[in-house]
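Two complexes, one shared chain (chain A), two partners (chain B, chain C).
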Partner chain A sequence: MKIKYWKPWTFVLPALVAYLIVIVAPSLYTLRLSFFSWNGIAADKKFVGIKNYTYLLTEDAVFRVALRNNILWMAGSLTVIIGLGLMFALLLNRRLKGRSVFRSIFYFPYVLSGIIVALMWTWLYHPTKGFFNVILQQIGLSQLTHPWLADPKTALAAVFVAAVWQGVGLPMVLFLAGLQSIPRDCYEAAIIDGAKPRQSFRYITIPLLSETFVVVFATTLVNAMKVYDIIYGMTAGGPAQSTQVLSSWMYYQTFKFNNIGVGSAISWVLVLITMIIIIPYVYYTNKKSHL
Partner chain B sequence: MEETRNSTFSKVVNYILLIVLAIIFLIPILFIIMTALKSNADLVKNPVYAFPEIVKWGNFSEAWDKMSIYIRNSLFISVVKVPIGILIEALAAYALTRMNFKWANALFAFFLIGMMIPFQATLVPLNMMLNHFGLENTYPGIFMVYIGFGVPFGIMVLRGFLRSIPKELDESAFIDGCGELGKFFRIILPIAMPAIATLIILDFLSTWNEFLLAQIFITKNSMLPVTAGLLTFQGQHSNDYTLLSAGVLISIVPILVVYLFFQRYFVAGMAGAVKG
Partner chain C sequence: MGKKRLIFLLAITMVLVVVLSACSSKEGSDKASSASDTGETTISLWVLNDQAAYLKPILESFQKDNPTIHVEATYYGTDPLKESLKVAASSKTLPTMWFTWGGSLGAFYPENGLTMDLTETAASHKWSDIYNSAALDMVKYDNKTSGIPFHVASLGMFYPKELYAKLNLNPPTSFAEFEQQMGKIKESGITPLAVGGKGGWDVMRLTEQLLEHFAGPELHDKLNALEASWADPAVEKSFEKLKEWSDKNYFEKGFITLDPLEAETPLYQKERAYALTGPWIDTNISGAGNAPDSFGVFKFPNDQPKVRMSSFTEMFQISGSADGKEQEAAVKLGEYITGPDIVNKYIDQYGAPALKEFTFSKQSPHTSEMAGMIGDGSFLISDQALPQAVVQKLFEAQDAVVLGEWTPAQAGQEIQKAVETYKSGN
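Take a look at the complex of A and B:
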């Protein structure tokens, strides 16, 4: 079965061209732009070396807020979203009537767009008519009512709660798939050996889920770096820039303030952080598949 | 695990927890439905959790007048983008797995790098490029951008599946006188249908829900997809919560329909796709 050496290239070509035009060339050009000072309109761009990067790290206070918010978002996702996802999966991992109904309910928010979730939750957080404040008032806790999205202290957490509602379904489904691939014999053997349920969980479930954990950690971290829609839709980075994240701040610097160089530098910071997360993951999964 | 903890007590606790959690998860949606069915006067006068005094279906028709164009645009974009994208991804995945391609692994690694590039890192040059060729606010421009961004993920999923198809099939097809294209369309593509169905659903979903690219590359209101359109709709009616809720619900319905019909693929697809 001889195939001419150029034949595979013709099959790859359409995808390769689209990929080069839309992702590879533009991102490299953005890297170049990050070393220039440019307002996007002027004919000449001024080469400034790494000044855009040093500006971000030393002078741009909002950049530091955005970076901190991304890190907080990652920490929150790793603990709350993954924790709840595992809990939901464990609750669903047994023979129950209506199991698939419950699974559908918990997973459904994940298929909605960030913008839809943002609009729904903006209304839930409405200062006077929103669900949360009205309920707090009704149960006699009116001192706890709060303009959740308008206060810089609570805004990020409020948006994150909406993101938890939206995001729990993904780790849940992945954990559920992982749990169902654990052979039942393991647990039966453990019972014969006198293991308590908690010991079975600690010494069978958790270790045998390790591959699922790797997948879940990687996707959760990457999603946390990319977070944009839900924040833009709920607070647009405000109040007082308190909910900016790297991707939204990149949008503002580039398309609102016309600091193309600075915006490009932010997007490459994003690329680098994403690579730091993904490369070990790819390395790990490749090593696995060669074993 | 299912057998070992099957005492009635733990089952009941399990049920109660699930029901409580399900109610918590449904509250936001129920709240939106209630709001959408009220008149503004009703909303001002009565507490938000009260049932509507009179059901006002008019919110939906009013919202539909504004939202229908965005939904139509999203449908059009998805219906064109998804099949074209998957076809070129499948062709590439075929070359990477079944053509004794010397560069297959290197090229696959090269495509995977694309998964690490956030959209943000491409926006300015893409914008310049689209403007240069007069493609801003045109569907060909949008399709190109969306298709390009779908390539790495699509190739990853399809390559994983095509690799698992036994090689003997190719040899018998070759003996029967099938060319490469014939083999691709008549043998491999039909076998890969489960993976392709999953990818269609995932791709439809991510195209439908895409916001950032639409926000940057589509500035004409009449061309906006449903995500960016919904935000415009919100901007125009920022205090009209009954109408807004109706608009949100209208934009949820298409996703809900797809979700209910193809749920099997969503769940299996997510679990399978992420693992590669």
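Take a look at the complex of A and C:
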């Protein structure tokens, strides 16, 4: 009986130990650091309670910009990236000529590093020689040419377009895998019952993709919250800090300004936001799928 | 049942062994350093990727000359090096020797007691006979020598001689004349200034010269030392001028997020008139297929009695916690890399050395010219002179003024707020 109780733990234990050492312990240590004023080296860490958090929320204007940008980025990712990923998956799940090639083409940007994507898109957005402005000039729409990355009103959106181009491949592949696991019988039965394609999508595809949605939602949300390299590569947080996000501002606070406490507080704000959204979502979808 | 229990216990034991062995790295490193008992010393060195071209052969020849010293070099990009050094410093795993910049960037390590005090070494090895005095001053913190001087560079205004000849211009001798020339160049259809605002530091080179012009050297030095208020009218005037130049389109459209290197490229093709940069531009000009001597250089005409140039230093720092033998080997390596024999041998790629005397490279004619220009003095470049949090606010202020989001007066006030926040936290 005792062995029966302990046996599953023996299988879980190695991964659990690794998880505790690599993820949980550093996270808790970071949480502890967020209550101190420390430069990362000095022997004495000064306990400041929640001062780092109140500083961020009441005094640090860049933090508020970064928080707003992260929320916008997250909302955009959860709608645009997931929406496009699902749309491409539905299209490429049909019997199209050359669909494997299209699948590879749409997935390809995802395997590129963020910095490479940033370099490519920075060139595309170049104010005078970039693809977009040159095309606009050549088709007689020079009045629409714009320094896309240099205007705070368009900079974040311009970077987001590049991120969509890069990121849409992952949800597409996950949705494709989910779609291929749905039995054909369900659709055939629906056709016999007179269901229209839209109804099949609403009442068969979406419910049977619910498990896939959990994975796609979680990965997209986490990727959106930790976005860093593409922004750093394309604008370095500028112009005038207008494209800073929490990860980049955490980097600046921690590694440039040596404010380990403030940097740690930013990282925990990130963790909390992610948890507030993801835990209820996973709980709700799990509960629903076991009804 | 007994067999299953045994398997379970074995699994637990194995996990514990793995965890405990991971925690025993100190013991492991102690065993590694015991190689020094055999007369051999291994030193780790962290440097930049773009130094690899000349540092790799230099390190090879050093190890040939010193067979008992092994150098393990790791090459990083600029930001990864800064980041790795900070992480290593907080986890007490700094390499034996590392490359760093001067001012507030390099000061972090001696300020926190992480570097070897090289004051006695500098005196006994007579560094004052080898390195130039400006370089030696810039590697000192609290009057202690904290690094081996590697490079000292100053910034001047580079221009294509052909363009100047075509427009019948001569290097300006006053600020007003410089502005007139920019107007004339703009009228001829050429954007005067090759500046990329991404990262902030390229625009900063102009801002700090505008500060030198409007504030004068005394106030400028006080501003950098945080001893004067940035809400000063001279700071406001400097930002006003930056905004005026931007509004007159003296910069490329959208320059504020252009990569500095990308923004500089049109200058090599004579499609821009000026870049405020250092002698390393010679390598870029050659790389673009032009002769470096087809470009001229002048000091930014800031109208001061002594026209100071912005300058900065680069150095090697040595870990204060490395053992004596490793420190001795690191000093030997640092002096080897920065010594006259090696510098003269690799001068074509080396950049601007920190030496008193060296052979000038034909491939980099401006190195010698600019070394002669610095006689009137220099000021430490702003992103090394100011604390990094203030530097970041200065960069934000430049962008915000250019984009019309802040007034020039507001820019000064915001920087002053950052100064006060920094002071209250230190």
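Miscellaneous remarks
As a working rule, the second predicted complex is superposed on the first by the 241 of 291 C-alpha atoms of A that agree within 3 Å, B and C clash if a C-alpha of one lies under 4 Å from a C-alpha of the other, contacts with A are read in each partner's own complex, and residues count from 1 in each chain.
As a working rule, a residue touches a chain if its C-beta (ideal position, glycine included) is under 8 Å from a C-beta of that chain, and two chains touch if they have at least 3 such contacts.
Please read these numbers as outputs of a predicted model, since none were measured by experiment.
When the two structures are aligned on the shared chain, A:S37 is found in touch with chain C, with no touch to chain B. Residue contacts after overlaying the shared chain place A:F131 against chain B, while chain C stays out of touching range.
Of the two partner chains placed around the shared chain by superposition, chain C is the only one that A:T235 touches, whereas chain B remains out of contact.
In the superposed model, A:I21 lies in contact with both chain B and chain C.
Of the two partner chains placed by the overlay, only chain C lies in contact with A:P147; chain B stays clear of it. Chain A has more of its residues touched by B than by the other of chain B and chain C.
With both structures placed on the common chain, the touch criterion links A:S210 to neither chain B nor chain C. By the document's definition of touching, of the two partners only chain C reaches A:Y252; chain B does not.
When the two complexes are overlaid on their common chain A, residue A:K7 makes contact with chain B and with chain C alike.
Contacts of chain A with chain B, set against its contacts with chain C after fitting on chain A, overlap at residues 3, 7, 14, 21, 40, 126, 251, 254-255, 260.
Contact residues on chain B toward chain A in their complex (touch as defined above): 1-6, 11, 14-15, 17-18, 21-22, 25-29, 31-32, 35, 43, 47-49, 88-89, 91-92, 94-96, 99-104, 107, 111-112, 114-118, 120-126, 129, 144-145, 147-149, 151-152, 155, 170-171, 174, 180, 184, 205, 208-212, 216, 226-228, 230-231, 234, 241, 244-245, 248, 251-252, 255-256, 259, 263, 266-267, 270-271, 274-276. Interface residues of chain A facing chain C in the complex, by the touch rule stated above, are 3, 6-7, 10, 13-14, 17, 21, 37, 39-42, 59, 62, 122, 126-128, 147-152, 155, 234-236, 238-241, 251-252, 254-260. Contact residues of chain C toward chain A in the complex are 1, 4-5, 7-8, 11-12, 15, 19, 22, 82-83, 86, 89-90, 108, 112, 114, 197-200, 252-259, 387-389, 392, 395-396, 399-400, 402-403, 405-406, 421, 425. In the complex of the two chains, the chain A residues touching chain B come out as 1, 3, 5, 7-9, 11-12, 14-16, 18-19, 21-27, 29-31, 33, 40, 88, 91-96, 102-109, 111-116, 119-121, 123-124, 126, 129-131, 134-135, 138, 165, 170, 173-174, 176-177, 179, 182, 184, 187-188, 191, 197, 200, 205, 215, 219, 225-226, 228-229, 232-233, 247, 250-251, 254-255, 260, 263-264, 266-268, 270-271, 274-275, 278, 282, 285.
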